[in-house]
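In the two assemblies presented below, chain A is common to both, partnered first by chain B and then by chain C.
This part shows the complex of A and B:
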């Protein structure tokens, strides 16, 4: 694997690359496992960025990669052994089986497809799908769940684990709350409207609440018009096919979310993937597309759409919006920005990456986002120019065939947005945004100082902490739960197989004490599990750090 | 240098084509207030014959108070997918209750009705598998099939002979290549009550075909859940079929249960797979708990009052009879189906003109206090586009006078507009 060779660079040329490693990107490209060394982004285009854009994607020392592979190999060998024993009846089969009457049908699942699920995922599956029984605020109550047969089945003891600190829910601005005053309008609307709509947007499902919400969303984002949908995932998968079709080209980022990939596939357009946040790769693809046209006929493409996300939820990186916009203007492509995680979470007043970079919302053709993360509700929106939204009202799959959003949920979004915009008369909205910013910076700085490897941009509230080895995934999650902290761990297939991680979502509702509790627990656990892989722990001298960045202009 | 020129010259199409200002969908009806039995459309109060509120649970006090209690306890959103602390005890309770109600082993909940079937099909059927699907299948099924990249074979609507012919053809294909046949999965996807035509599917014959040709059946029960059967369990109860014979039943909770979302139920062997591979389940936030609590309460009401299903069916029969014989319009749908279509007996030539004519009928009715709507389709995207029609929805809350009034109004409207 090319992995060791790139890591070798870090070892041999330790001092020279030390500064570079911290500041430039050296991501492990998922496609071919080869790291192309350091790309100098963001420094030469210094004029486009109004503030410093610092992202980290440090690589771990080589022994870590070796041990990770060894861990997976051991798991696989045991998996084959257990499968063998089960097939020969030496071990009990605990999973559900096919019906007797249907035993001669073609099997529904191939044995090999489920190998990973059966043997590796099953051993540690108590770390996912943990049920909670309270509001998903900064602290929540977990239902206690035990297993008598090594995770094949679970049993609830009936007890709840109270006041577990929540580092896993997407509650960036803390709007998931049950305060009676905050939810007053929502309660009134629930009484008035009930919980369902029972019709589609085009038939009898457009309520006055939807119209009010759409106007508010358009005002919040600073665009002409907006349209809301009942589910964030469905917003992507049903509207991308309406906007692009056969003969169009979609350039999508490597690490785009499943909903974007599904929408792109359903549209029938040709899809080309560019490396994550890599502007050279995008530019090359754009030039080739325009110059050579469609693959076999060489006719010109009808249109080119670039699909990117505001904040990537598994990496914590922020899209390089100014560069993409300049590329888009130069090559006359269209930009579709999915702000699922970034709306409300970044930007001086919470208006997303467009505001974070100081750009105008007219630069982006299609602004899409969801209300699940920062607004504590459900659903998605698409906003932009009026002719775009009118087109979607008539041609979107969701408007014609899918039920519209529940009015109570719409009210929750309205009150959250009004709070953010300051329309309810308090300064609470801005306070929340500032608190989130402070919490993010504090959390990330402390984790860097402790010596963990953290991915992503310094300003993103999504903080992935790298664990690498499969055994540590389970150990980390279980021990954090013992300390009354709920974390989210992710492994293959959501991340590359060698880069399992724990992902923290900082919230504006977290107090300094809660963050300190978590940080202390992480410190202890990091020492116990040997998770502090970083060789470049950021010292408490930020001035030196800034200086060395300028030295790089060679 | 040449490349620079090419780049300069290339002009893309505009992002969206311009939409004419008088496109019917741009002048949609705005409903003020809740879309219940008496609905205020564009400022005018009408009796609601257009929302799929079959059991009248949209305005039910018990359902609302259950939702209020849940709102106080859990807030509004769940802030996470099911895998990452988005599973609430209400979700688990709802899944248990649905499984018990439908008498299956397990059930799984999705947060959006459209996404339910559109995620369930690609979880089982992959590239190279074969799916036999009815022509009149709804759009969500079509999108699910497109996402699965399998071979699709359409058979004529409700025509079992056509389906058998296709199955026989497939069998002869299999004999040519037995190794491939042993790994190609086969599915039939049908709906209980079809949304596009109001017909019922002949389930007993399908079961016979299933065992004869070894195909699995996926049943979509959005319209028949809570409508057919003695206790509202859907088409399997209606025909008295063992529910384990159907591999997967999906339904959305947006019609009878007056909530939002959808569910799939079946044996654990089948349902458990979706927990890791259903895209709309794993990668999307879970259902807000207040909607789940409302659905549980609605299920309670359904279990406690099993006679509403009989009442609903009686009303459907009544209006079905009353609407026969309108000059110019024909009724399409079974007599016990609560969602009927009224189509033009003779088309005027182009679809656009048909749509305009039907719109005039609908406007006439709206002005006189009956809210109706046309069935909307995406004309370019549907595989087999149904003819334009007016959708009539019967709910348990409509009184007999209102049903009679609606029937006579439609007769009047047809007279004045079509003659």
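This part shows the complex of A and C:
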């Protein structure tokens, strides 16, 4: 697809030419003898997307939902039984309880979610928080852990499980590595600066490394200026309150991450939720906001901000950026794009969803992202126009009060970004992006062919595989570990109660053999656990079935 | 696992599915004993109900049927004779 010699400063220029060709091709059409000329607002939906946007959200057959509820019902009944036994002293109580002197007080913790934690989550708790003892590369080492009393307590046997294939770490470009040559500059900076900064940005915590990193991030994204923070979660939760306040309106996607939700709530603005990736819902909300204004006074909103993510990590879906940008321009709202999972992972040169859709970074008002996922470091950034970043430097809680980023981590991001942009003289960065793209497509295609239900866009490296039943969550995770593959399984409350899933994160560091091992294990396990619910897959006997794969276009 | 399974392993697979669906895979042994005995007791009660009621129900249904067909049946037989 890309001609390597056309790479200039890390940007590919053919996108702009492609955009013009598309617009010219479909702009003119004859209807009743009247030529539909190309007006500024008259661009139809078909020209907004330069490549096909295929997303899958298949629903499982009805009996699956019935069985899931049966499982939860049995679990709940036994939960009540165990709670009864614990309350009446027939069974030893292991959870925290109030002291004798406080027995008559109102209990400190009580609601359904605590019931759920005590009785359902605890039975399968051994599949989470597994400690690892090596770098989270494509393979890692796990500490072996056993429980004697059904997951109330754990003890380590002292042995390690070596070379477990890692399908859970957000290591999209494979920069979490221990190769000495790769980390040469990081080691030098470590010896020069040490590890601690011991101050906030506004006092004595701004080092030359931060300035260098911010300039590089701005160059990478193609914006005027950027600012980096020590923690990705804090970037969202501390900066949104600085940008919006009372009297502003936030339109947030249904499935936004907790950091965005927390930041929105902290700001004190009015929050309205639109259905996930649903542009009709967003447009209705925008129209209502402009027509009716604020709730009681009907004054105009001070600011309208749309909060979306580049790739949603639980669904694997990509935001419909062209439509959102056209909506925001029409209704004069601002756009805050959280590219935590998409920076480095999508786009022809790894510059995120803005590049993936062939748009310019000027279309998005606030570009936010994290370095935790694709760069093998920690921290977050906010980028955009210079006046925005200058405002945040003085008004953001994170900038004023939080300790700044460690210089060694900053150097790791600098070397990863330089590698990605090609500034270190090799084509390794582009190679990694291509490898990730290939791995993603291969993995998703194979899973579809096998008959699993997979959510999300065909180009997203986050692959959620639906498990549905609570019993299968535990069985899946445990059996995959027995086959030496580490997976992340998610259930309620991170997902809807009937849609628990296993989430795979494909990495550029995975070789074809590793992916094949995982796919074979999944095939076997899918047959044993009966997970292949998809009605649209190609079967293993193609001569018997004629149906082709159903592709749901937007 | 290949499609052609022998009957005992197929039955074991069905039992595993039952365990996964009803979350008895996650239960402690004494809970499993409680759950399975309750299930077997319910299934036994159902079979007993079927044994007692269905036979009687079917015979009363056939009686009703004979009472409808009885009179014309005898007339037809007498004509043939």
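Note that in this section the second predicted complex is superposed on the first by the 479 of 554 C-alpha atoms of A that agree within 3 Å, B and C clash if a C-alpha of one lies under 4 Å from a C-alpha of the other, contacts with A are read in each partner's own complex, and residues count from 1 in each chain.
Basically, contacts are C-beta pairs under 8 Å (C-beta built on N, C-alpha and C of every residue); 3 or more make two chains touch, one makes a residue touch a chain.
This one's a predicted model, so the numbers in the text were calculated from it and none came from an experiment.
Visitor: Could you tell me whether chain B and chain C fit or clash when both sit on chain A in the superposition?
Guide: fit
Visitor: On the A-aligned overlay, A:529 touches which partner chain: chain B = first, chain C = second, or both, or neither?
Guide: second
Visitor: Which partner, chain B or chain C, is in contact with more residues of chain A?
Guide: The partner making contact with more of chain A's residues is B.
Visitor: Which of the two partners, first being chain B and second being chain C, lies in contact with A:192: first, second, both, or neither?
Guide: first
Visitor: So, A:168: does it touch chain B (first), chain C (second), both, or neither?
Guide: first
Visitor: With both complexes overlaid on chain A, does A:99 touch chain B (first), chain C (second), both or neither?
Guide: In the superposition, A:99 touches chain B alone.
Visitor: Quick check for you: in the superposed arrangement, does A:470 touch first (chain B), second (chain C), both or neither?
Guide: second
Visitor: Have a look at where A:333 lands relative to chain B and chain C in the superposition and call it first, second, both or neither.
Guide: first
Visitor: After the superposition on A, what does A:75 contact: first (chain B), second (chain C), both or neither?
Guide: second
Visitor: Please indicate which partner A:430 is in contact with in the superposed arrangement: first for chain B, second for chain C, both, or neither.
Guide: A:430 sits against neither chain B nor chain C.
Visitor: Aligned on chain A, what is the least Cα gap between chain B and chain C? Give it in whole Å.
Guide: Shortest inter-chain C-alpha distance (chain B to chain C): 20 Å.
Visitor: Looking at the complex, which residues from chain C come into contact with chain A?
Guide: 1, 13, 16-17, 19-28, 31, 35
Visitor: Within their complex, state which residues of chain A touch chain C.
Guide: Within the complex, chain A touches chain C at residues 67, 70-72, 74-75, 78, 123-124, 150, 469-472, 474-475, 524, 527-530.
Visitor: Hey, which residues of chain A end up touching chain B in the complex?
Guide: Chain A residues touching chain B: 96-99, 101-102, 104-110, 117, 121, 128-137, 140, 143, 166, 168-171, 175-178, 180, 183, 186-187, 190-208, 211, 230-234, 237-238, 243, 257-259, 262, 265-266, 287, 290-291, 300-304, 331-334, 365-366, 370-373, 375-378, 387-388, 390-395, 397-403, 406-409, 412, 486, 488.
Visitor: For the complex, give me every residue of chain B touching chain A.
Guide: Residue list for chain B touching chain A: 3, 6-7, 10-13, 15-19, 23, 25-26, 28-36, 39, 41, 48, 50-53, 57-60, 63-64, 67-68, 71-80, 82-89, 91-92, 105, 111-115, 118, 124, 138-140, 143, 146-147, 181-186, 211, 214, 216, 244, 252, 254-255, 257-260, 267-270, 272-273, 275-276, 279-280, 283-285, 287-288, 290-291, 294, 371, 373-378, 381, 391.
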